[in-house]
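Just so it is clear, A, B, C, D, E, F, G and H label the chains in written order, and each chain counts residues from 1 on its own.
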Amino acid sequence: MTELRLDHQRRARTGVAEAVYAPGKSPTQCAEAVAGLREGPGDGPVLLTRAAPDQAAAAQARNPGALLTPTGADERGTPLSILSWDVPDASSGTVLVLTAGTGDLPVAREAAAVLTAYGHHAPLVADVGVAGLHRLLDHQQALAEADVVVVVAGMEGALASVAAGLTRAPVIAVPTSPGYGSALEGVTALLAMTASCSPGVTVVGIDNGFGAACAAGRILARREDRAPR
Amino acid sequence: MTELRLDHQRRARTGVAEAVYAPGKSPTQCAEAVAGLREGPGDGPVLLTRAAPDQAAAAQARNPGALLTPTGADERGTPLSILSWDVPDASSGTVLVLTAGTGDLPVAREAAAVLTAYGHHAPLVADVGVAGLHRLLDHQQALAEADVVVVVAGMEGALASVAAGLTRAPVIAVPTSPGYGSALEGVTALLAMTASCSPGVTVVGIDNGFGAACAAGRILARREDRAPR
Amino acid sequence: MTELRLDHQRRARTGVAEAVYAPGKSPTQCAEAVAGLREGPGDGPVLLTRAAPDQAAAAQARNPGALLTPTGADERGTPLSILSWDVPDASSGTVLVLTAGTGDLPVAREAAAVLTAYGHHAPLVADVGVAGLHRLLDHQQALAEADVVVVVAGMEGALASVAAGLTRAPVIAVPTSPGYGSALEGVTALLAMTASCSPGVTVVGIDNGFGAACAAGRILARREDRAPR
Amino acid sequence: MTELRLDHQRRARTGVAEAVYAPGKSPTQCAEAVAGLREGPGDGPVLLTRAAPDQAAAAQARNPGALLTPTGADERGTPLSILSWDVPDASSGTVLVLTAGTGDLPVAREAAAVLTAYGHHAPLVADVGVAGLHRLLDHQQALAEADVVVVVAGMEGALASVAAGLTRAPVIAVPTSPGYGSALEGVTALLAMTASCSPGVTVVGIDNGFGAACAAGRILARREDRAPR
Amino acid sequence: MTELRLDHQRRARTGVAEAVYAPGKSPTQCAEAVAGLREGPGDGPVLLTRAAPDQAAAAQARNPGALLTPTGADERGTPLSILSWDVPDASSGTVLVLTAGTGDLPVAREAAAVLTAYGHHAPLVADVGVAGLHRLLDHQQALAEADVVVVVAGMEGALASVAAGLTRAPVIAVPTSPGYGSALEGVTALLAMTASCSPGVTVVGIDNGFGAACAAGRILARREDRAPR
Amino acid sequence: MTELRLDHQRRARTGVAEAVYAPGKSPTQCAEAVAGLREGPGDGPVLLTRAAPDQAAAAQARNPGALLTPTGADERGTPLSILSWDVPDASSGTVLVLTAGTGDLPVAREAAAVLTAYGHHAPLVADVGVAGLHRLLDHQQALAEADVVVVVAGMEGALASVAAGLTRAPVIAVPTSPGYGSALEGVTALLAMTASCSPGVTVVGIDNGFGAACAAGRILARREDRAPR
Amino acid sequence: MTELRLDHQRRARTGVAEAVYAPGKSPTQCAEAVAGLREGPGDGPVLLTRAAPDQAAAAQARNPGALLTPTGADERGTPLSILSWDVPDASSGTVLVLTAGTGDLPVAREAAAVLTAYGHHAPLVADVGVAGLHRLLDHQQALAEADVVVVVAGMEGALASVAAGLTRAPVIAVPTSPGYGSALEGVTALLAMTASCSPGVTVVGIDNGFGAACAAGRILARREDRAPR
Amino acid sequence: MTELRLDHQRRARTGVAEAVYAPGKSPTQCAEAVAGLREGPGDGPVLLTRAAPDQAAAAQARNPGALLTPTGADERGTPLSILSWDVPDASSGTVLVLTAGTGDLPVAREAAAVLTAYGHHAPLVADVGVAGLHRLLDHQQALAEADVVVVVAGMEGALASVAAGLTRAPVIAVPTSPGYGSALEGVTALLAMTASCSPGVTVVGIDNGFGAACAAGRILARREDRAPR
């Protein structure tokens, strides 16, 4: 009845490709959406996010050459992956992705995979929550040198404030929903991060690793636009 | 018509005296409530909290010998104080009171003054918010040695998690309401502190410096109960 | 790809061991995390919390000698347990754990098991909700004598306020999520407990029996640090 | 332009007279509204609630014979009163009004005054909060004998649950907004009271002492309707 | 380990028997809890609420003579019932139970079954939501004559306000969670009912049909206590 | 520095003129903004909403010929008005504006004044809250005949659902913030109205009488566009 | 026990037929409810909404001649449909239904199907979210010409504000719950849409496509009532 | 008693100077804090934000050479300004600051003034809300060319999503609190912006124009760090 309306020019207009969000789509729909975007006039990478195994398989069969990164599992235990096609050569940019706890890894992996698909270097340092400061302080050099820092944290989200105090780089915080009780499915971290006492922390939506990567990508892309050639 | 119902035995029963909360009471009511508590069978200190100048003056005129500590001001700018009578000799306990920012000082001063009234040592270290970690790390020794740590912080309340990672002492967190916007009048800090990733942080109500001091007092009083004589 | 980052020195630094939180980890990951912590330089107990049968079995196979305590079941009915290794000799401390209703038992059992793992005595008195005061009043002696009281309650959480009025001991309240409707999955009890009219009540996060036990453990550990030898 | 639309038959239809709520009305409007209701076909009492001095004076000048009860003050410190006209002879019913703290008195006084205006006996027992249980237990006889119990409490509102465990009478709880921080202007008490673990507690809106009195009045009026003559 | 702590004297003390809430209990635990209450000193009815078929069967096998009323189903589609034993002879009281929509029936049936178990007459009139006023107006006589009215409604809960305008009887409102979206699982109805513009409406917790029945039972029991003999 | 950016073509594009919202603007800014809109290419009415006396005076001095309607007062008691210029000849449309209580009048008057400024007939019927249904039923004919019905109500907002059950006309509900406690400054009414059980009720923002009038205006304007000529 | 209470005259009274909401009803109950409404005195269409395959089959077997429209799937993946009987001849009205993303399609399809059942023309334009404005601007003509515009959007719901700036038609916004994290199951979009800066946007409840269609239907029906014949 | 603890090295460490937040400080405290920061080892600009006239005057008397920018007024009407000292020579960076409405200007002016103090070019384009898209589209070139875009918007905050669709630059959104009712003092905009459908939008706290400027400053400073020399 109604068809997928693709936005081929998005990358030209905003520097961000339209990713295909797999949940709720049939394997065939995933495969066709990826193909449609790849066949369009854009020349950037194409992404399929939060894909279950059958969705990933269909998309890969129809569109060979994907880079697949497992991220985690949905609430029913189905393993999820992110796939990317047409990845450009590596840029000179480095985005350091930090997580506070192991529950934050799926979101962090999604962010790192998206950044990789855009050609950036995206090292992931996990489990550096503020309850054991020394784990974070061991990475001070990396913090100081990163072009952008993405902080993925749930519960009270304090890692964003602390990390931002240790770097001159832009800091993008991603509140996550894992955790129980007072974490309120990420709302606590969202509020805490937007109330950060460290000036210059910015925040994206709960569990939105994709959005954090796009924001970091905008920063690096613009820098490249501006670089003298 | 109805009269103040005093609870003279509370200190014997719970180790906590019934403080008189000044807001909403006339100067005379404040003065009489203090007198009533002092004349009762209890033998501990008596407190008058959040007293405006006229309330403090009336209470002091009727009950000489008070120790008065200015804490801050209410939302109309009226200066507020906490007064204490019948303060016992100093105990051997030390409660370190930390604040993240200057807006947290009135609550922290109330906590410290209540602790002092109970005979404890209560040093206050202000402005050690996590955006500049070194300010907190300068006090690691004091953190390590304190019997109890009270952390007073608003905004995202991250100081509680970080401080708890640096001490073996019990940590009592007080969320505060100053700050604007996403601080949501202390609700953000309350949620964040109860979702702390540092195990063993406990929390009292928003702006409840008095409650934090009572909780610390319970810990120290019980320790004294248990000490071999 | 990313590995578990263990925090071996946490117990030395904070008096609290890093427990392994089982949900979301594979049986093998649980087993290895426990082994990693036990093999590290720390000398305190090691915990595996909220473990399903397969996780518990794998951890026990890899790490013999565990003490296993059933706590309850997750929302799908899978029975959960808490396991501990390297439990020290019993301390002289007693933490009284109270529950308001039967729905609070899993959280209370977790708190008691963690306290036991730390070497404390942790008697559990269940079903003493305030709708039938005499049930609580029957335990006034135990309340008066405990070193610390942990109150586990959902719904309106009134037990914390009432119990705190009957003891000089520190009171740590744990709001719980069971119950339906207006209990709002524990948020009602969390708010009510932090607004307690009994001075000196402190609160941990919803369903965080582990955190309450750690807080009680900090109080008792510090007392032991301070005891004359 | 638009005029006050009075509902003269409300008492006949529902057993509850339409009270005039003073805030936001001019003194003259208050006076005329009272007069209009008294001149209508109903024969019950007429009430003017939360009246400032100028509103009360105008209403009394236009409508002699009022019973005036001071209740408290609004947030600007203006003293407020409730006025009643055409009070019937006393009924045989007794409604016990309890408050947890002194901040609850204005709402409790309003409830008691409305009940008195309907001809009921409404003793008010203040300051029996659960932090000092013995204060409440001193009134067990009154609780046991009351026809209806109205519990007025803010903060965590635990008094409703405890009182309901001590009586066979219907219990109507009124959450109040005084208090600061985690009391959330009465929302905490509202949630806690509707989540009460004591079966048979019912709740009215925040600070709605008038509504609680009307509910108690409905219970007693119906009983009188049913009484054999 | 811990055992069920029964409260045999509750009915004597509060006029309300302790019902056994089945969810989370094994069939055997349900059966034993019912038996324990029946064998105690109390003489009132004993209830088992929200029982699944296996729980109901076990309880009936161990305790013959139950009255079983189907109420609805849980979120997994398991049919639920309420069972009662030792039902007294019918009282003279009538509690009219109204529902706004068909989704409110399980809660309403629970309320009616509890009332029946206490010996009251509890007619249930369903589907009289305010979108079609005439459906409600057809029952004006029953509203006028009832001793108590229980209104069970979700969504915006307007039926409580409208019904209270049509009767002199006490009105107890039960917000329900069925419905989607803006109903917010009953929170919308809870807030709306406690903000009712009809004076004298009281409210119990979301989906708490049991509590509403207990509240109505208190009203009728007290009336019988007071009746001349 | 920055200047007011006027949107002259809005009426042509959307059928709605850009009103000047007075709060926060100086009298001169109000006067100039009105003048700027009137001098632009649009030909519809120009509005100044929520104007204090000094703002109204300045705007009238600079722009003679205004129609001024008092609406109410702001929270400091300053009387507010709405002013309109260039009002077209009356249309054939009738929008019935209903209010539940007297506190809803300022918002209702604003809605009616805006509708009048657009040339519609906007009778206002006040105080027809559902606690006294007969007051509303007296206006059934007007409800049945109106082209659009605007329902302005606070507290639980039940009037919207009831009114929508009595008419075939589109019903636009405006939640209002007056009221105290459980009304939560209009949030309760907003949620309740969007959860209405009467199909076809639509809702605008809290206190947004202006928006309701614009919505009604869109309905009538479109009908006129479509009318055969 | 209790039976379905049908409201046959609703269409005559309000212009809206009582639809049968399938969730929670047995296939037979669905079939009988449809039959009951069709056999009643009303002459409008009859709807069965959110029907699972077994419910749809039973209803069609008992009531031949239905128009069935698939809408989407429930959270367990069961495909859902809307069925309509006795659809009138097409009216002259056109309601343009817009969606921001593919997740909004089930709600949009429900709205369109209900409108079709009422005889209106209801073109659906999907995937015109504001992140790619040109997709919406491509439909400016359709926006300008529609009689009513229904905007179905989740996440931040910005499409409603933007669309309302591009048309003179009434705009009815439907917030939807799909999306994760900060979308808060539709609450974010609900709040944002009711706070729209575009005057004249009205809102229905979360996911209430049925309600939006009824609101549009009221507008068009009234226009037809008023049209000269 | 306690003194201001300055963080002289913050700029070296994070690229952000510690600004002095004036509210709650005496004029002398403001003056001394500024002097202290200027006399420290840092070499960047020093800021005094939200200063009332007496605070600004004292700071200027003690610290000549300030650049003062009026921003707006606090809720009591006191005019507020931002002052900066030691402003560096202009950088090559351009941050475009957009506002949706006039109520957003104080926050936008604060952001622009902070950016100017850091040496960036910060043009402010006001009143380009999405209700009149053409106003925004007139600035497409500026959007396309900016290095960073800061979007300041209240109400539903839709401007952030729309603007992000029109540029490749990083977009930082600032939700604002002005507006009434459903704007919920900025919470609606905060939620909506973090739920933006435009990938790559990041968000700071409500009314936190200072934070947005710091975030933009981090982006530009890092770019300069990285530039070849």
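The rule is short, and it goes like this: contacts are C-beta pairs under 8 Å (C-beta built on N, C-alpha and C of every residue); 3 or more make two chains touch, one makes a residue touch a chain.
According to UniProt, the chain labels map to these proteins: A, B, C, D, E, F, G, H = Nickel pincer cofactor biosynthesis protein LarB.
What you see is a predicted model; the values in this text were computed from it and never measured.
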Chains in simultaneous contact with chain B and chain H: A
Comparison of B-D and C-D (more C-beta pairs in contact): C-D
Rounded Å distance, chain A centre to chain F centre (Cα mean): 45
Separation of mean Cα positions, chain D and chain A [Å, integer]: 56
Euclidean distance of C-alpha centroids - chain C vs chain G, Å: 50
Residues of chain B engaged with two or more neighbouring chains: 10, 13-14, 131-132, 164-166, 181-184, 187, 190, 194-196, 198-199, 205-206, 208
Interfacial residue positions of chain H with respect to chain F in the complex: 102-103, 105, 109, 124-128, 131-132, 134-135, 178, 180-184
Interface residues, chain F side, partner chain E - complex: 100-101, 129-133, 155-158, 161-162, 164-166, 179, 181-184, 187-189, 191-199
List of chain C residues in touch with chain B within their complex: 13-16, 19, 147-148, 164-172, 190, 194-196, 198-206, 208, 210-212, 214-215, 217-219, 221-223, 225-228
Contacting residues of chain F [partner chain H, same complex]: 1-5, 7, 9-10, 13-14, 18, 24-25, 175, 177, 186-187, 190, 205-208
